[in-house]
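Two complexes are shown next, each including subunit A; its partner changes from subunit B in the first to subunit C in the second.
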Partner chain A sequence: MESILPNLLNAITFGFILFLIASGLSVIYGFMGILNLAHGVFYILGAYFGLALNNYGVPFVLASLGAGIIVGIIAMIVERVFLSRLHKQLDEQVLITIGFVYIFTTLARLIWGSEAKLVAAPAIVSGFVNIGDIRYPLYRLVIIAAGLAIAVGLWLLTEKTRAGSIIRAGMDNKEMTMALGMNYGMVASIIFFMGAFVGGAAGFIGLPIIAVHPAIVFDILLLSLIVIVVGGVGRIEGVLLGSMVIGLIDSLGKAYFPDWSYFTIYLAMIIILLVKPRGLLPRSQ
Partner chain B sequence: MTKKVFFILLALVLAISISLIGCTSTGQQEEEEEEEEPEPIIIGLFFDYSGMGSVDIPYHEVGVRLKLDEIGWEIEGRSIELVTADNAGDPAKGVESIERLVQVDEVDVIIGPVWGHVQLAIAPILAESKTPIICPSGGIIDVIETCPDNFFLTRGTFAGNAYYSGVYAYEEMEARTAVILYNDFATGESFLSGFVTPFEEMGGVIVQTIKPPLGTFDYAPFLTDVEDADVLAMWIQPPELPSFYAQYYASGLDIPIIYTSITAQSESWSEVGDLCIGTIGQHEYSPLLDNDENEEFLEKVDDMTFIDFQAAGYTAVSIFLEAVKSTNGDTTPEVINPAIRNVSVDTPEGRISYTSENVGIGDTHIMEIVKVGDRYEEEILKTYEQVVRKAPWE
Partner chain C sequence: MRFVKTIINTAKLYMAKQQNRPAYFVAGLVLVLLPLFVAPYLRDIITKILIYAIFATSLNLLCGYTGLFSLGHAAYFGVAGYTTGVLMAHYGVESFWIVAPAGVLMAALMAAAFGFVALRGVGTYFLLITLAFGQLIYSVALKWRTVTGGTNGLVNVGYPDLGLPWFTMNALSFYYFVSVILVISFFLLYRLVKSPFGVALQAIRENETRMQSLGYNTWLYKYIIFIVAGLFAGVAGTLFSYHSTILVPSQVGILASTLVMLMVIIGGKRVFWGPTIGAIVIIFVEHYSSLYVPTHWPLILGCFFVVTVMFLRGGISIYLIKLLKRVVSLCIR
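After this line comes the complex of A and B, so read on.
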C-alpha cells in the first residue's frame, strides 16, 4: 500500500488530462448543441502543430498557445462553412464531423507519418519533486495546475461573461436571441474557437505524457464522450467532476485491478447513468 | 464457253482461292504462335496501402522493385509485372483484394501480408487456388494448417521471433527472474510466450505479469508496483513505445529492458530517443548485418526509411525468383510451390530456406539498440544460425 500516494497522484493527473481533452467538446456540445465528433482530431492536430512549432524553436508554452490558435482557426472555418448550417440537426452533424475525422487524420498521417511522437517536458518542469517519501515527476503536477487554470478560465467565460450568457440563451432559443439583436453567429464562432483552442492546446500540453499518432483519434473521442456523459453536458463543473471520477476509477483500477482495466470506466459509466441518467452535474433545464 | 462451264470454273477458282487463303492464314497463325512471347509473370503485392500501416508497410514494395530493377524485370525469358492490392490491415478488405488478385489478375505469386488476422482471413481462399503466397514479415502458425501447400512464412511466427530472447536472457545475461509486460491481445501474448517458455524451462522465474490494454495512454498506473527482477521482458506496439519508455524511466525504474521481438524500426526508436539505447531483443534483420548480400542491397538503397521492410520485400521476391529459375520459368502452382519449398538462397538477411511445412529457416539475432549517427540501429550481440523460425511447441 506504499504506492497509494503515487497512484492517487497518477489518477488525479490522468483526470486532468481527461478534463483538458473533454472540456472543449463539452463547451461546443453543451453550449452550442453541436456534437463535434472531430474533437479528437483537434486534439491530435494541436499536438502536431505544437510539436512543429517547438521544433522551430518556439518555447513550450508559446507552442501550446500557437497550436491552440491554429486549431481554433481551422475549427472556426469548419464551423462557419459547414456546421453553422446544421443547427440542431444532430444526424447531419455526426456525419459531417465523422467525415472531417477521416479527412484530417489522413492528412496528418501524410504530413507527420504514423509513428508515435512525444516531446520532452520543458527543462524547468522536468525532473522530480519529493512528496513525502516518494519522488514524483514534476510535469505531472504541472498538468494538474494547467487543468485547474483552464477549468477556472472556461467557467468564468461561460458563466460570468456577456458572451457566455448570449450563448446560453442561444442554446435555449437561438431565434429569440437573434431577434433581440444579438450577433449569435459571431459569438458561436468564438465559442467554437475556444473549444477547439482548448482541445488543440491540450494535445501539446499532454504530449510529454501521451504520445500522439493518428490512430488515437477515436480513443480520444471515446474518452471525451464518456467524461461528458458521466459529468453531465453543458457545465464546466460537470466535465471537471466527470474527468476526476473517470480518471480515479481508471487509474486506480489499472493499479489495483489490472485484469479489469479494459472495462472499469465503462462499468463506472453504466452505474452512474443508472443512478443519474443526465450525468453527475447536468445543466439545469 | 457456255454459262454453265463458266460458273463451274469460277466456283473452282473461288474454292481453290479460299483453300489457299485458309492454308496461308493457318501458316501465318502457326508462325505467330511460334513468335508469340511467353506470358508475363505477374507478382501481386498485398500490403496495407491504406489504413494504419499505410505509411511504413508499403516499403516492402520498394525492396521488391529494387530486386526487379537488378534483374531487368525479366527471368527465364518471361517479363515480370507487378500488381498491387490493398488489404488496409483489415480481414474483410483483405479477402476482397485477394479474390481480385487470384481471380481477376491471375497472379503467379503473392507477397504479403504482414498482419496475422489478415493472413488467417485469406488462407482458405489461397488453399483453394494454390497460388503461392510469401509472407515477408511475421506470421501466424495457424495459416499453415489451413493452407499447407502454398503459404510460406519467411520470418516464421511471432513466438518464434521471441524464443531466443528468453534463451539469451537466461544463458548470456544470467537473468534468473523476470517481470513480463505486454499489450493484452493475441499477438502480444504470442511474443511473450516465446520469451517465457524457454526462460522458465531453463529455471528462470517470472515474478510478475503486467498486461496493459492495447491503446494505453498512460502507463504510470501499471508501473507503480513493479517488483524487483533481473530483467523486464516486454512487447508493446511500436506506437506505444514513446509513452512507455518515458513513463518507465519517470517512474524511477531501471530494470534492463528486453523488447522480446524488435518489431520497431529506427523511425519508431527516434521518437523514443536515447532512452531506448541498450534495449535488447530478437530480430531477423539489421542494416548492420555483415554479409555480402546485405552490403550489395544497402548500396542500391536510395533511402534508409523503414529499411527492415525494404529488406524483407527484397528477400521475399528473391526467394520467388530463385524458385522460378529452378523450374525454368514454370509458375504453375503444382510446380512452383514445391520449388519455393526447396529454395535455398542468400539474401540480405542471410541464407533462407523453408521447412517441409513452409516455415522459414534462417539466422535470428539478439540485438541491442545503439545510436549510429542520427539513426537508432540494432547491433548484433549473438546470432543463432539457421534456426527454424518458430517456437518448438508450435
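After this line comes the complex of A and C, so read on.
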C-alpha cells in the first residue's frame, strides 16, 4: 500500500494543472457562452511570452503575471474586434476561434520554432520536501497553491462582485442589461481578459512541468474540454471537481493500466456523460 | 380552391425542376469531359475534390440542415479509410465488394455509437463532445502502431478491384469510378433532404421545441441523420483511402474536421451544392499554397475562417447563384 501515496499526490497536482488550464476556458464559456477553442493558443502564447520575459531577467512570478497580461490584451482585442459582433451566435463564435487557433499557432511556430521548450523552476521552490517517507518536488506543491489561489480569485470575481452579476444578467438578456445602464460590452471584455489571463499565466506556471511547443495546442484544448464536460460549465467548483476527477483517473490509469492510459479519460468522460449529461456540477438554470 | 392551389404548386415545382435541368446537364458533361482536357496531376486533384465534395455534403446534413455543428466528422471518414486500408494492406483483401461495404459499415456503426453519447449534449456541448470523439479516433490512429502504422502512415493501399475481367482500374478510370459514386450519393442525399424527413430536420433546426410539441421524436430524427452523415463520410473515407494510397493520422484529426467544416461554411450551408463549391475552393487553395508557401498553409486556413465568418456568412454559393441567375436572364432576353 505504500505506493498509493505518491500516485495520489501526482493525481492531485495533475488535477491542479488541469484546473489551471481549464478554468480560463470555463469562465469564458460559462459566463459568456463562447466556446473559445483558441484557449490552447492562449496557453502556449502565455508560455512563450513568459519565457521571453524570463530570458530578459524578469523574475518568475512577475514573468507569469506579465505573460498573462499580454495574452489577456491580445484576447481582449480579438473579443472587441470580432467576437463582440457575434453576440449569442454561438456556432459562428466557435468557428472564428478555430481560425484564430490556426493563425496564432502558425505565428508562434514561425517566431519561436517548433522544438519543445522548458524552464527551470525558480531556485527557492526547486527542491524536494519529505512527505512521510517519500521525497516530493516542492514545485508541484506550488502548483497546488497557485491553483487554489486562482480558484478563490475566480470564484470571488464571478459570484461576489458586481461585474460577475452584470455578466450573468447580460447572458440572460443583453438589451435589458444595457437599458439599465450597465456597460455590458466592457464587462464582457473584462471577463474575456480574465479568462485569457488565467490561461496565459497557467502556460508559464506549468512550464517547469509541461514543455511547450506549438503542437500541444490541441492537447491542451482537449484536456480542458474534457474537464469542463465532466465538471459542468459555469461554476468554478465544477471545474475544480472535474479536474480532480480527471487528474485522479488519469494518474491512477497510468499507474495501473499503462497500456490503456491514453483512453481512460475518454472512457470516464463517456460514462459520466451517459449518467449526467450536463456534467457533475451543472449551473442551475 | 385548395385543389387549384395544389395544381399551381405542382406546376411551379415542375418549372423549378426544368430550370435546373440544363445546369445538371452541363455539370454532368463537364464531369465526363474534364479528364480529356486537363493534365494528369490536375485530374488527380479533381478526384480528390470529388471525394471531399461527398464528405463535405455529408457534414452539411448535420450543420446546414439540422443545425448540429459536428467538429469530429473526420472520425467517420477516418474509420472507413483505415478499415479499407487495413483490410487491403494487412489482410490482402482486394475485392471492392467486401472492402468498401466493410469500411462504410464501420463508419456507420461508429457514428451510431458516438452519436448516442454526443446527442445527449445540446448546443455547444454537442460540438465539444464531437470534438473530443474526433480526437479519440485520432489518438487511436496515432497510438495503435501495429495496425495503423502511427505517424509513418498506412501504406500499400491500391486501387479497388471490382472483379470485372474487362475492367482495369487506373487513375483515369478511378476518376470516373469516383464520379459515378458521387452522382449516386448526391442523388440519394438530394432526395433525402427534399423528403418529408429532410424538411422535418430543417424544422428541428429552426424550432426544436415546437417540433416536439407537434409530436415528433426529434432525438430520433437527429440520431438517424447523424448516422446517415457518418455513413456518407465513410463512403468518402473509403474512396480517399484508395485515392491517396497512404493514410496518416492527421487526415482524421481535428485539422481534417475543421477543413471540411470550412468547406461547408465557405460554400454555403443552406445550399445543397454549397459544400461542393467549398471543396473546390479549399482543395485548390490548399494545393497551391502547399506548393508555394508550405509552412504558411494553416495561417491561410485561419484567415479563411475569420473572413468567412465575418463577411461571407451565407457562403459564396449564394453570390454564385445570384450571378448565374443574372447571366441566365440576360441570355434569355
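By our rule, the second predicted complex is superposed on the first by the 284 of 285 C-alpha atoms of A that agree within 3 Å, B and C clash if a C-alpha of one lies under 4 Å from a C-alpha of the other, contacts with A are read in each partner's own complex, and residues count from 1 in each chain.
Criterion: contacts are C-beta pairs under 8 Å (C-beta built on N, C-alpha and C of every residue); 3 or more make two chains touch, one makes a residue touch a chain.
Keep in mind that this is a model prediction, so the values were computed, not measured.
**Q** Looking at A:Gly185, would you say it contacts subunit B, subunit C, both, or neither? Reply first, second, both or neither.
**A** neither
**Q** Touch test for A:Tyr262: subunit B only (first), subunit C only (second), both, or neither?
**A** After superposing on A, A:Tyr262 lies in contact with both subunit B and subunit C.
**Q** Check the residue A:Gly153 against both partner chains and state whether it touches subunit B (first), subunit C (second), both, or neither.
**A** Neither: A:Gly153 stays clear of subunit B and subunit C.
**Q** For A:Asn10, decide between first (touching subunit B), second (touching subunit C), both and neither.
**A** First partner only.
**Q** Scan A:Pro282 for contacts with subunit B and subunit C and give back first, second, both or neither.
**A** neither
**Q** Looking at A:Glu115, would you say it contacts subunit B, subunit C, both, or neither? Reply first, second, both or neither.
**A** After superposition on chain A, A:Glu115 lies in contact with subunit B alone.
**Q** Where does A:Ile96 make contact in the superposed view: on subunit B (first), on subunit C (second), on both, or on neither?
**A** second
**Q** Show me the subunit A residues, by the header's touch rule, that subunit B contacts in one structure and subunit C contacts in the other.
**A** Touching subunit B in the first complex and subunit C in the second, residues 109, 262 of subunit A appear in both lists.
**Q** Can you check the complex and tell me which residues of subunit A touch subunit C?
**A** 29, 33, 35, 37, 82, 85-86, 90-92, 94-96, 98-107, 109-110, 218, 222, 225-226, 228-229, 262-263, 266, 269-270, 273-274, 277-278
**Q** Subunit B touches which residues of subunit A in the complex?
**A** Interface residues on the subunit A side: 3, 6-7, 10-11, 13-14, 17, 109, 113-118, 120, 128, 135, 137, 140, 208-211, 213-216, 219, 250-252, 254-255, 258-259, 261-262.
**Q** Can you check the complex and tell me which residues of subunit B touch subunit A?
**A** It is residues 52-56, 184, 210-213, 215, 217-218, 220-222, 224-225, 238-243, 246-247, 250, 252, 267-268, 271-273 of subunit B that touch subunit A.
**Q** Which positions of subunit C touch subunit A when the two form their complex?
**A** Result: residues 63, 69, 71, 117, 120-121, 123-125, 127-129, 131-132, 135-136, 139-140, 143, 253-254, 258, 261, 265, 295-296, 298-299, 301-306, 308-310, 313 of subunit C touch subunit A.
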